[in-house]
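Encoded as structure tokens, the structure appears first; notes follow it.
Order of writing sets the chain letters: A, B and C. Residues in each chain are counted from 1.
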Amino acid sequence: MQLSELRGRSQNADRAFRWLAAGAAGIVLVVLALIAITMTDRARPVLGRMGLGFFTQTTWSVPTNTYGALGFLYGTLYTAVIAIAIAVPISFGVALFVTQVAPRWVRRPLVYVIDLLAVVPSVVFGLWGLLVMAPALGLQPSYLAAGIILAIMITPIITSLSREVIETTPVTDKEAAFALGATRWEMITATVWPHSKGGLVGAVMLGLGRAMGETIAATLVIGNTVHVTANPLAPGYSMPTVIANEFGEAEPLHKSALIALAVTLFLITIAVNLAATWIVQRSMRRSRGT
Amino acid sequence: MEPALAMSTPDLPPDLPPPPGGAAIHAERRSAPAIEPPAVFELSDVEMFYGAFRAVRGVSMKIYKNQITAFIGPSGCGKTTVLRAFNRMHDLTPGARVVGKLLYHGVDLYAPEVSATEVRRRIGMVFQKPNPFPKSIYDNVAFGPRVNGTRDRKRLDEVVERSLRAAALWDEVKDRLDRSALGLSGGQQQRLCIARTIAVEPEVVLMDEPCSALDPIATARIEELMRELKSRFTIVIVTHNMQQAARTSDRTAFFTAELDGATDQRTGILVEYDATARLFSNPRDERTENYITGRFG
Amino acid sequence: MSAPDLRAKPGWRSVKDRLMTGLMLAAVVAVLVPLAAVLASLAARGGGIALASFPDFFTQEIPRFSRRAGPGMGPAVIGTLLVTATATALAVPLGVLGAIYLHEYGGSGRFARLVRFMATVMTGVPSIVMGLFVYLLWTIRFGFSAFGGALALACLMLPVVIGASEQMLRLVPGHLREASYALGATKSRTILTVVLPAALPGIVSGCLLAVARAAGETAPLLFAVGAAKAFNWSVLHEANTALPSQIFGNALDVPAAQGRAWGAALTLVLLTFLLTLAARLVTGRFALKR
């Protein structure tokens, strides 16, 4: 018996397949590296010119080549906060209803329908928001209008994640609360809430990340005016929306500024998403371990 | 006057011969000092269904005040199912149905106008695996009284101390009432659950295999606790440990399961229910004797 | 002992319980109302133009003068199909191969863990950032084309396909692989002939969902595809157009153009709903259960 007899002919093909698959997996790294390299490279000119002032000034003036992004940072944050303020109570309410109140036969179809909300493309929400919702509510394009549309769009994801977290509450804790004569709401505050708190925070943060990165729906209803104000009815601007609006006709330095905005947006949303994922996973692990 | 709320006449234990003379003597007996404690629960032909499946059939019995009544029998014969019917826990299971009369001091527990929350305030339950809330020791015991309206801090302090003492846990935790209940040992957690249950001052405490997750020493402490609590509460305990039933209970009910040959489903039935001493030394039914002597089970 | 009164006691507790349940129900309504409103608007405003003069809406070019009312959106429909199909052809094989590497070969090695982490990061990249990236890498050199948009969409789809596929591969029971090895098959053969077919329904479902999401993306199209008005069947040459970018562009235009936007929106929503429905059907009937 020779060693070569046991080796088999298909060894090379097998190894080739492994390398092919590894290459495919590696494309993820290549793409991300390319994004990082090309975008930071193009962002450098404007940062060289403005320095840290890029992040602290609100003046964004193309003719004078002054680019201060604070107004857009503010707008991104402000619309996201409005969206969260509207979406979170509704999402929690729906998640609690589906898991604790609704009779069993209602749950599946209800979840099915709510998830359809996540399928509607964001541009359609933008169109509807601009031409139907805002006029119906008597709203001009403003932070509030954008916040409402974003709220509608992030509700499905917060709801879905909250549902998963809430369902890890141990049944025996719930039974103990009922056995002591608690009403359903008392049971929820005594057992569901303490167990789910951490995970729900993560779900909210995931929604926050999504709201900050959402471009198209917001662009149509935000008002496209830099406005650092607490008045939600004022027209505003945000990072993704200004990029979408101004990139087409921009000169090189202008383009560089917009790309710098994109990089900033990228880093912020990545940070929020990663933190959120970590929090949710930690909470689910804890709940199951108890 | 709603007949459903009227009190039923006290009945005689099954082993005494029926009184001679009929109604007159019966009335005389009613005014004479009671021979045995009044009945808290009276079950007449109670059956339990999950959907179309009959899990338990034909249970008729009485549970007496300030006694420890034990439900024993092999697993899967309906002991826990019957126990959870006493405090309407089956309401939480969709498709579960209780048929027959389950009277609590003459009131049908399953009458439409009866509120499950009210029932559970009077009939508490301790579960198989200790399940303290993820709160402090103090907040666990105070949960019941708080939920029922007691807000005054001093009164809550009193209730918490009283309940923890009655559960023989006070000395061990009195210096760390603010710490999480989840830091206690298994046996301590179970005693905490008992304290939590008696803090609302129910009349009845149901116990579903309370010691099965505990070591023998913790078990012995809980059994001792049960004997102390008997004077204040009526206790019904499900246990798969025969010796525990023999050690602690006043009356014992033996359940077994009948196999339906056609559907391969098992339906629980009550075989025998008697004073503990008599059931263990001189059982009337052959199935009881087989179980007790270990021939099956 | 007097007979106990077991009727429900009136009082704050039961009122609070019922109030909270009511609020939860209100939250559910608050979620369903926008969904219904959007669908109603689409049917009312888009149905007329898209279906009344069937099949003109899908076969006619986009009017050169936007003031002219009436159909069609033919080029956009073709564009969406071209861009999405090309993106799928790029992302699915790479994503599935990548997932195969991660689960069957990589395990918990350093490379695999890095790729998984970066894939999670990549799912959080805002679509506008991806659009800018493709602009810098492709459009500047090769101009607008359907392929540029496909590149951007493929980058958005890739991490989703990898994640869903890896999840499905994980569900394939180990004993299937062992049986194949025991018969003398190589690892690559086992994967291709035993594991992949078993996981296929779930992978197909995940890919359908990824396609649905990609079809609805707008931002990458603005930076890579362009806004042609005539039919363009070529993937590589010349600017093209697609439904989302047309909707976006026409939303801020004259009412005649807005009418076409509604028709396009209806078409897009129908497309994404169909893909989602197909995905759910495949999951329901065929996929491995958790």
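By our rule, contacts are C-beta pairs under 8 Å (C-beta built on N, C-alpha and C of every residue); 3 or more make two chains touch, one makes a residue touch a chain.
Being a predicted model, the structure only gives us computed values, none of them experimental.
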Item to check | Most widely separated chain from chain B, with each centre as the mean of CA atoms | outcome: C
Next on the checklist: Can you tell me which chain is nearest the middle of the complex, judged by mean CA position?
Outcome noted: A
Item to check | Centre-to-centre distance between chain B and chain A (centres being mean Cα positions), rounded to whole Å | outcome: 51
Checklist entry - What whole-number Å value describes the gap between the mean CA coordinates of chain B and chain C? => result 56
Checklist outcome for this item: Distance between the CA centroids of chain A and chain C (whole Å) is 16
Checklist entry - Multi-chain contacts in chain A: which residues touch at least two other chains? => result 183, 186
Checklist entry - Which residues belonging to chain B are in contact with no fewer than two other chains? => result 117-118, 147
Next on the checklist: Could you pull out the residues of chain C that touch at least 2 other chains?
Outcome noted: 13-14
Item to check | Residues of chain C that touch chain A when the two form their complex | outcome: 13-14, 16-17, 20-21, 23-28, 30-32, 34-35, 37-38, 41-42, 93-95, 97-102, 104-106, 111-112, 114-115, 118-130, 132-133, 135-137, 155, 158-159, 162, 186-189, 191, 212, 215-219, 222-223, 244, 247-248, 251-252, 258, 261-262, 265, 268-269, 272-273, 276, 280
Next on the checklist: Under the stated contact criterion, what part of chain A meets chain C in this complex?
Outcome noted: 8, 10-11, 13-14, 17-18, 20-22, 24-29, 31-32, 34-35, 38-39, 42, 89-94, 96-98, 101, 110, 112-114, 116-117, 119-128, 130-133, 152, 155, 159, 183-186, 188, 209, 212-216, 219-220, 240, 243-244, 247-248, 258-259, 262-263, 265-266, 269-270, 273-274, 277
Checklist entry - Tell me, which parts of chain C touch chain B in their complex? => result 1-9, 13-14
Checklist outcome for this item: In their shared complex, chain C is touched by residues of chain B numbered 5-7, 38, 104-107, 109, 111, 113-115, 117-119, 122, 147, 149
Next on the checklist: For the complex, give me every residue of chain B touching chain A.
Outcome noted: 87, 89, 92, 94, 117-118, 120-121, 124-125, 127, 129, 131-135, 143-144, 147-148, 182, 193, 196-197, 200
